[in-house]
Amino acid sequence: MKRILGLLIVAIMMSGSGAFAAETGPVAPTASLGLTASNIWMMVATFLVFIMHLGFASLEAGLTRSKNTVNILFKNTLIPAIGLLTYAWFGFNLMYPGTFNGYFGFAGFGLPFPTVEGGFLDLSYNEGYTYWTDFLFQGMFAATAATIVSGAVAERIKLSSFLVFSTIFVGLVYPVVGSWKWGGGWLDSMGFYDFAGSTLVHSVGGWGALIGAIMLGARKGKYVDGKIKPIPGHSLPLATIGVFLLWLGWFGFNGGSVLSADPALVSLTLVTTCIAAAAGIIGAMAATWTISKKPDLSMVLNGCLAGLVGITAGADQMGLGSAFWIGLIAGGLVVVSVMAIDKLRVDDPVGAISVHLVCGIWGTLAVGLFGAMAGVKQFTTQLIGVGAYGAATVVAALIIFSLVKMTMGLRVSEEEEFEGLDVGEHGLEAYHLALSPASKDSGI
Amino acid sequence: MKMVSAIIKHFKLDEVRDALNKLGVQGMTAIEVKGFGRQKGHMEVYRGVEYEVKFLPKVKLEVAIPEEKLEEVLKAIQSTAKTGEIGDGKIFIYNLEDAVRIRTGEQGEGVL
Amino acid sequence: MKRILGLLIVAIMMSGSGAFAAETGPVAPTASLGLTASNIWMMVATFLVFIMHLGFASLEAGLTRSKNTVNILFKNTLIPAIGLLTYAWFGFNLMYPGTFNGYFGFAGFGLPFPTVEGGFLDLSYNEGYTYWTDFLFQGMFAATAATIVSGAVAERIKLSSFLVFSTIFVGLVYPVVGSWKWGGGWLDSMGFYDFAGSTLVHSVGGWGALIGAIMLGARKGKYVDGKIKPIPGHSLPLATIGVFLLWLGWFGFNGGSVLSADPALVSLTLVTTCIAAAAGIIGAMAATWTISKKPDLSMVLNGCLAGLVGITAGADQMGLGSAFWIGLIAGGLVVVSVMAIDKLRVDDPVGAISVHLVCGIWGTLAVGLFGAMAGVKQFTTQLIGVGAYGAATVVAALIIFSLVKMTMGLRVSEEEEFEGLDVGEHGLEAYHLALSPASKDSGI
Amino acid sequence: MKRILGLLIVAIMMSGSGAFAAETGPVAPTASLGLTASNIWMMVATFLVFIMHLGFASLEAGLTRSKNTVNILFKNTLIPAIGLLTYAWFGFNLMYPGTFNGYFGFAGFGLPFPTVEGGFLDLSYNEGYTYWTDFLFQGMFAATAATIVSGAVAERIKLSSFLVFSTIFVGLVYPVVGSWKWGGGWLDSMGFYDFAGSTLVHSVGGWGALIGAIMLGARKGKYVDGKIKPIPGHSLPLATIGVFLLWLGWFGFNGGSVLSADPALVSLTLVTTCIAAAAGIIGAMAATWTISKKPDLSMVLNGCLAGLVGITAGADQMGLGSAFWIGLIAGGLVVVSVMAIDKLRVDDPVGAISVHLVCGIWGTLAVGLFGAMAGVKQFTTQLIGVGAYGAATVVAALIIFSLVKMTMGLRVSEEEEFEGLDVGEHGLEAYHLALSPASKDSGI
Amino acid sequence: MKMVSAIIKHFKLDEVRDALNKLGVQGMTAIEVKGFGRQKGHMEVYRGVEYEVKFLPKVKLEVAIPEEKLEEVLKAIQSTAKTGEIGDGKIFIYNLEDAVRIRTGEQGEGVL
Amino acid sequence: MKMVSAIIKHFKLDEVRDALNKLGVQGMTAIEVKGFGRQKGHMEVYRGVEYEVKFLPKVKLEVAIPEEKLEEVLKAIQSTAKTGEIGDGKIFIYNLEDAVRIRTGEQGEGVL
């Protein structure tokens, strides 16, 4: 690990000025009011997407065991760092290469230091945001794809292996396949629609999660003698904080994807997003209450996210009715999917595959079924997009995980798994709580 | 000396302690435990899978007493900790060979 | 419960397109800069009000026992979902019915799909926000009223009964009484003033909380042999997170209630809000330190909220001095009130009645005592408003709670209460923490 | 304590209207679009700086023991209250006295009630924000300086002594030394540069932290028989939440320091801020992994903050490459510094001195080494600034702490320290968690 | 009556419990403990300082049984809790003078 | 064999453990408990209501030893755990009938 890290750092050093390019100091204020307003909106959206990383960290930590909590928090702290740095170094220029062949393009290492004269920071770059805002908003997005994988492989993957996988996944895979649509590539030309990333972010992350979970195998003790043994998460308050922060973040994730502060479009997007989240909660509650006889909070939390992932592809194309149905179905779907994936003996501690992959696909297809773009032709195109992203990401994830497995190994030792990754990988425990007065009505 | 170890329900702790105090018992130690006996645990559901939570939370109360108090202490615990339903708990009695007060180094029944 | 849920869902289905209305796809960008800027502000305010739901969830969970934590988180996750959906379906049109008799009006089920041409999404709807932003901001508000009740009835109310109560309370009661003032009804005509809802939101929620707490009775073990036995909350860090998030949310709650981004008015409102919160903290600290000899964190947290609730009715009418006094008095008041309500044997685990009802009334009356509107006439009008809302909400809450009690029962069984609602209602526990190294200086 | 509190309150009362000045009721809407937009941005920045207080509360509580958690949360709740009220009463007018001798000036007690006619609330005050927004943004800043001290003196300082110290430190010291640069004083004239407060906020807080930690001495059990005994924090999830919230807050801390919504400048600032935070994480990870063989999450969290503190002085003067190097070095520096300070037997439970003082100095000097202002002359000026702030703050902190020590005592009794300040100072414990099912794979 | 107190690894608890249930043992109590024996703890690092965590988490299982079951109970615990590595734990056997079922007040072996 | 069960203050644990190690004691088990004796708890306040927290946190240290070590072990614990103030704790001594090492199945004094 250290060697790889070293290489990374040296590489960054060598590309020094090259990587991050010429600096000419601060720029003079520019003054277009429309740009100013829209840019404020895009910055706010960026903050909201940023806070999703805390959302993921909290959710994943909450739904896993306390002996692996430091490890999860560590990974989720590293991911935005890795995501932003690789995106600055090459990811942004892979994803938005300018005119290219539609499949792969690269605008070179490092970001230019944009100048007003160069037209990067005023209206000539864009009416909605400056070059820097563009980069930061997109960079925050990029990092979320890797975070999704983190949850599914939790409690058993080696820290260094995960960091290497994530660096490649977020640095190369995500931007290249992303360029096919958002970079103006072949799927964009074909009419594929994915407003804010049901497929480009969530399914891509979800496919990585699926491959990771399969290649790692289940956590010890999860499937014993043919029976599924639940491994409850260690803190549902933490998980709940995570989901509320993710919903909050989605205001920026979807609302920012309008790429301007256009009042009508942004506010519509926010409303469909919230209606779908609310419907996802209701859908999951109905499903879990019916199936399990008791309403499972962890499922309802997944249901909220399911609704959000579901609406993401078409958040700007739906009315309230459509948003409601998309969310409600996503909420039900996620419950069934979590149970089905468990039956298939794929161990996904936090439900990442169900939330991001299954509902990501559902949301992408829903663009062809509901709202303004509904139609057979669009549905077919959506199917093609789903398939193309699935194929590409699965292949990429298989290759990266296999290489990592061969060179550094993927999984911690059985002993470390029992003892917990916190002690094994970090030599540090997450909690040091003295036994305190009980909360079972006793006077102790 | 005897060590009386009673496994009781949490919400009975206050009552039992008060009853023992009335008998002149001057000290005791409580420990959070999980257990089962005739009372068998309950089902929980997590992410669609039902499973049995076999161990239920209880309090274990340890009271060191002079032998002559044993009878009344047992009676006091049994009657106050009782609700009449399964899960009320059990009392175990051990022989205690000796006791030391750390502060003074004294030994024997006097330290209880 | 399931039946009721079923009915709800079927009802929504039937009113399908009717409910959420015609969809004509995304709208073309509109372009008024003033609207764009103000709309950004109102969207930000909406996010802030949204995050109050996480604030309430954290605060209520923190101040109650860990055996009921899942239940509280569940309720607080459901409330925004129920709130938004009922508000979309009929609440918004009950609260803002257009011209009406001043007491009750209804603009019909479902929201129209507004169009630019129809004048909903540009300046002809409003200078401050679009139709969608309006709905979402108001919808987030609506849900907070139900959340207030949740805290006071915690640890003993049946989940299904609470959900039914909340649905009716937030779906019908809140919008109808709300229309009397904000919908332009009879209290508005009379000159009653409630800037952001000391009465319309907080007292309304607080009255519901009072009736609920009385009808349910105290938690087992709270009042024993004529003595008050404190039942400490299980996590003060969680409670503190909750209060900071609520203060954060209040920037949107009060700041957004300006209904435009007018720099002078919004920034004044934010300053009075913060000064009152700060003074509430000081007031509660002084009171608890004096009365109990030790400064109680849970009281100081309540004091912060007390200051915020207190300033809410007149946040735009006060100078800094007035804001300070309103907050300071609210902070002292909440401490005295918590103790007094406890003496009356009304068991309110989180202090919701003291914070929202008592300080809501205080804040509403303070409009007649401090600031720009101070005067005998205004004070009288404020009193009438307080009385009208009190009477109406008490009657409504009594009816709903009684009906629920008769049909489904209100309170869980004694056994379930002892064991905890988490296991009883959800079959799930909030924490799974191994005993970990102590934090009492020992080497274990 | 009570007496001091009483005095404070009486004093505030006496200065009643004087303090908070004339009130003339709400002001009429103003209508400059540029001001409206910029003011929105500054308000958002204010919210973000506000949430840093929750970040500090969480981080400090997480990195200390659970027996002192209530105490830490209490202090961190009081600090913004004290900060805002003293700032309103005199701090703002000390820091921005208008034309003055460059060393000390005072514009009088209390804030005027600004009017549009007076030119406070429209463009004549400022193009970027109103008078109120200005006050609130600056007030939120002020309070952070005291919070920094709180972490370093945690787990042993008397509550009342800390509150008195903080009141004076944030009310007098911070604004007076702040006026030397941001108030247009002598260091400003000299060309000293500190964009958002690496020195003015972080080093000032850090010097206070250093003096406090030295004067108090180490926690019992920290240095025993010549050996350092680690005292692990009680909740790393809480600490992680804290750091993410602080990063979030820094968007406002640095982004708001542009003092307008200028798209180019603000977005550049946000990007350098994020790149430095990311690089700080990587730098700390590399350092801790190399030195300790295991990657320590608490160090990586400190590394993120180190990067943020480091970039703060020159966030608007750097390109991406410079931001990266400043952050990376800060991340490494903080790890080394934490270990060195521990070796010097200065007990800083949360690493506040390393993060805020050491990296604050580093960031201030970096303005002379990197970016647009780099140069020997600037570097010298930066050194002078660092020295001046160091000297002034050290002297001030020494005087205040000494006076407090002589009059009220600084440190709790040994017994109270063992038992915990929560029980000792507050009579309240932070957690009441029943022993719950273990998370070590067992069925209990 | 004997009280068997077994200190075992967490993940062995289920197996041990099942084995005891098969022998007709109808109740037991589990307690989270920390301990060390031949197994010596491990090093952790916090903020650059290495230190030894001496006590490792274990479960202590207390089972009250009639004397005649002692042999088979010991065997059952020993064989199921064993992994063969140090840290597997220890079993301690005490004499139990009496036991009381709180629900009914019964005493003696019958209550186990 | 004897089982020595000492209830001590948290911050004394390290010292006591070291003292016992020096005597050749090779294993022990620690349990978090709450208790009271002559030391009576303290008052806390929550939301304006004062109440007594009766049980204070302590550590219970269980050490199984061969009989001949009993005297010196008691002495070692008593002298290191002592601060001289009430609340220092108590030591209880039980007879231990047998001990088993799970890893090997060995029995008797040799396993301690």
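Here are a few things to note about the model shown:
By written order: A, B, C, D, E and F. Residues from 1 in each chain.
As a working rule, contacts are C-beta pairs under 8 Å (C-beta built on N, C-alpha and C of every residue); 3 or more make two chains touch, one makes a residue touch a chain.
Since the model is a prediction, treat every value here as computed from it, not as a measurement.
Path length between chain D and chain F in the touching-chain graph (shortest route): 1.
Of the chain pairs listed in A-E, A-B or D-E, the one whose interface repeats that of D-F (more than half of its contact pairs identical by residue number) is A-E.
Looking at E-F alongside C-D, one finds more C-beta pairs in contact between the chains of C-D.
Centre-to-centre separation between chain B and chain C, using Cα means, comes to 44 Å.
Chain A and chain D have Cα centroids lying 32 Å from one another.
In whole angstrom, the spacing between the mean C-alpha positions of chain C and chain F is 51.
Among all residues of chain B, those that touch two or more other chains are 10-11, 17, 30-32, 34, 44-46, 53-55, 57, 94-95.
For chain D, residues touching at least two other chains, in rising order: 33, 37, 40, 44, 65-67, 220-221, 232, 234-235, 241, 292, 294, 296, 298, 418, 427-429, 431-441, 443-444. Residues 220-221, 418, 423, 427-429 of chain A are the ones that touch chain E when the two sit in their complex.
Looking at the complex, you find that chain F touches chain C at residues 10-11, 13-14, 17, 30, 32, 44-51, 57, 59.
Against chain C, in their complex, chain A makes its touches with residues 33-34, 37-38, 40-41, 44, 48, 65-67, 232-237, 240-241, 243-245, 247-248, 251, 255, 260-268, 270-271, 274-275, 277-279, 281-282, 285-286, 289-290, 292, 294-298, 300-301, 304, 316-324, 328, 371-373, 429, 431-435, 437, 439-441.
Interface of chain F with chain B (complex): residues 2, 6-8, 31-38, 54-55, 58, 60, 74, 77-78, 81-86, 88-95.
The touching residues of chain B, counted against chain F in their complex, run 3, 17, 26-31, 64, 94-103, 105, 111.
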